[in-house]
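These notes open a run of structures that come right after.
Both complexes below contain chain A, partnered by chain B and then by chain C.
Coming up: the complex of A and B.
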């Protein structure tokens, strides 16, 4: 009992600490590898010069990137996905921001119930929302189309916008609104001059997340998207099933690159730590 | 000349009555303090004036015009918030310019008036900073400049010194009073700190549970409190249950009471009591003594529900009487005692 938990610098505690730190580093490194490795492999595969997927690639070529841009089916589906993502983001912002205001600032009966209802789609698998929308559409003779996709995805994404906006809004001092009114500003002007600028980063984050989610969602899109003008994720899904060329990896690599770019830009302008949860007070 | 009139203001939230028949008149250029413990309704009354709270009944009149029905942004009433509520995303100069921008004043005029306002509160050169980069005292001055730049009719301040540490508080209190005198604006403070009220105001309105108990100059409230609540809220006081018989207090015949015989309460300030020999009104034992440089404080057990509190001047080299010593207590100036209506003491 001389070393171990006794007072003084016992060597065994150092030994335990060192092992603990090593294990922690190992687990963290492994987790990081698991998260990043698939993306890195996909990027590597996209440079494969031959016509089938292999890792490690047998050489280096950019030909599949050119193939992607020459493939009308793929470029069309990118356009569809961009339009869908844009409309979903706009719709979700238009509905979600006022909803977040109501649930934070409002005082009315059944507020808790409304909150639960608004956030419910988050608990639901995308597939369920997709199938439910499809069946409900069939009931009123509304066929799967990209309009339906936009509507279904909006339901799916609405909680993102509401939650991010709510988190920031709960952090804002309502006395700032009173101060603004006291200085002569009306409600609209207060919103534009005081609330919006402080909400800006959160709104940007909400918009970006919604856009990305709507752009690459498969589960909802599989059931509700148009048969002819398919969005990119669905197009890729079918492509993988029929012929798997490194072109798919090239598309993925481009998407990864764009996502990184968006995160980089948001990180630089807004600060990544402010994107997710409630913002830290400055 | 009356500038602000609050007439019979009532306000309830559900079952709770927050303001009960509050009537107050404030003269032009006067500094009034609403004083009371937390939860007494003083901030609600101030917010009613600013329009943040709509009263259930009663009228708010400023400069002869009723403003009860006006929205907060239509009232010419400057409000300084307890936490200052500066806009964190705007610089100091932009904060001060806010009201002028809302009023669509030309840029040149805004620049000029902002510079003047910042000069008034001695913040020249700090216009480009952001609120988070300022000390508490500086933030407070920005909040004041932000409303004064609009030249409002009235300045309202909700516990403006609460967020400051004790040392800074005293300097800021003096500075603010000087500033108000220079601008000559009718001002209303809210505070729970009686020394702050004494120092800052021309008049004090003492509030309790939604009611205004007494409105008077600070010293008048100290010398002539209308009841034991006001007496013990402003300074300290001994409140004793006594009998009035034949126009004087039975247990202290030198105190004249202009009231009918019967039970009453006698209010005596601690400094109006002294240790005495033969001419004592009360006799008892010292419970506790503490010498504090210029004065000595005693608590004397004299067979009353509460011990008597005394503050007596101390001579150089004088030691306090020991605890347990038998002493007499007399009243120094009977004229400064107050006898009010019956019931038992506090």
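Coming up: the complex of A and C.
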């Protein structure tokens, strides 16, 4: 299909090439539009003054934002989600960073097996982790609660932290540590003054990604969260199913705004390009 | 210094990974075994009744026509959405590798920002766009005079496919982006110098180089699409169901945990089989293209 002129040198400005390049640019433009347009539309819709969503909005009003802040159920759920996200990030960092050290710097038999096991949760859909934790909890007579949610989400998010830390650790030059040791620094000093500063941005990225995922997650949370004191995504899920008030758009717009802020900070400290790779996980 | 602290800092040992391994054994392996087991026993109110192993539940699920229909829908919706995602993702990743400066940053923001926004919010956005009479798309089409009756967009296969494709697009773009921007461009120059056109160079040099990344993206996007139950529920509407939706409904709404466990096991097993086939196909193809070039 690409070779209309048979073997041998083809003119470099063949019409196929021109058409190909145009189609490619068009599809890329469309895909980029597709990626950002829905978020922009949600933000626009959140300023709707009437009681139902329409686009473009019929006016400009912040009343749905006030409605969100006055809705006790929503503000409570934000608090629940913040706590859950905080605990999940702490737990994942505490478990994941040492594990990444072992799987990069360690020398012991079956290291490949360890790596496969540590990253296994990323093969599991959130729903399956959620249901499995729910059933296991029931079996040992432990009810669905936000503690259970924290544990299930930590399983779900652990590969994030491990992958981001591993990627950075593998990039570090071990000779820097050797140099530090040769200059008389102890192991602890080397770790704190040489290894950790190089690891810092990666740890920040890992923590931020875990926090956001734990805050946003609905696939695990629907099965394991507390019936009273639901986290925000579960609250929103039921809201979206039954209702289409612009208040949902306002919550969404706030979430979009906050994630842009996080991206700005991470882009400055870690570099956006480095963020993409290890973050590929649902 | 305490020898334990020294070992941790020095690395070398297995044991810094021990807490994580123990955690995963208790909170992943044991729950997964429970999930598996619940499909093969009889449960009442979360307790196992008379612990006799039975294949009856699996048997009745596999004999159910409805389950097969839903599994088939899960499959074709995921396949179409995955292929669409590849078609849309490749040009973006390629464009990224060819540009520099501000464009690169803008593309990265467009690709990464959806990842930081919850899937629920993005699904809601599609409700706004596709939803009912006042939906954005219908309004636009009506105003442009392209249609004179609002189209039924929501609650169709296509609504689910479009939503999923958009939501999972970054997962397809990111692996491609990494491979394409790190590629060796001398091969393309050589091809061009030998007289190949741009399109021909693209298909015979660039694409074969990215085969592993293509299949990594395909496997990932297929898996997340096949097991997604949020998008089919919200964009497919109340009477629309897939295998994943069915797992959710049996577990949370109907509270038939045995059925939920059996269906979850079927969902997960079939997902692994499909992903394995995609990965195996990918490594075959990349070997083949290596031999050919």
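Definition applied: the second predicted complex is superposed on the first by the 258 of 282 C-alpha atoms of A that agree within 3 Å, B and C clash if a C-alpha of one lies under 4 Å from a C-alpha of the other, contacts with A are read in each partner's own complex, and residues count from 1 in each chain.
By our rule, contacts are C-beta pairs under 8 Å (C-beta built on N, C-alpha and C of every residue); 3 or more make two chains touch, one makes a residue touch a chain.
Given the structure is predicted, the values throughout are model-derived calculations rather than measurements.
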Chain C versus chain B on the shared chain A, clash or fit after superposition: fit
Which of chain B and chain C A:186 touches, first, second, both or neither: both
Chain B versus chain C as contact partner of A:24, first or second or both or neither: second
More chain A residues in contact [chain B versus chain C]: C
Which of chain B and chain C A:129 touches, first, second, both or neither: second
First (chain B), second (chain C), both or neither touched by A:94: second
Partner chain(s) touched by A:178 [first = chain B, second = chain C, both, neither]: first
Touching partner for A:242 - first (chain B), second (chain C), both, neither: neither
Inter-chain angle, chain B to chain C through the CA centre of chain A, in degrees rounded to a multiple of 10: 100
Which of chain B and chain C A:34 touches, first, second, both or neither: second
Distance of closest approach, chain C and chain B, by C-alpha atoms in Å: 11
Doubly contacted chain A residues - partners chain C and chain B: 186, 282
Touching residues (chain side chain C, partner chain A) in the complex: 1, 5-6, 8-17, 19-21, 23-24, 27-28, 30-32, 34-35, 38, 46-48, 87-89, 91-92, 94-95, 105, 107-129, 131, 134, 136, 139, 166, 168-171, 174-175, 177-178, 192, 194-200, 202-204, 220, 223-224, 227, 229-230, 233-234, 244, 247-248, 251-252, 257, 260-261, 264, 267-268, 271-272
Contact footprint of chain C on chain A as seen in their complex: 1-3, 8-12, 14, 16-17, 20-21, 24-25, 27-28, 30-32, 34-36, 38-39, 41-42, 45, 52-55, 94-96, 98-99, 101-108, 114, 117-118, 120-121, 123-125, 127-129, 131-136, 138-139, 151-152, 154-155, 158, 162, 186-188, 190-191, 212, 215-219, 222-223, 233, 236-237, 240-241, 244, 248-249, 252, 255-256, 259-260, 262-263, 267, 272-273, 275-277, 279-280, 282
Chain B-facing residues of chain A, complex: 173, 175-176, 178-186, 189, 193-194, 197-198, 282
Contacting residues of chain B [partner chain A, same complex]: 50-52, 71-73, 75, 77-79, 81, 83, 85-89, 98-99, 101-103, 132, 146-147, 150
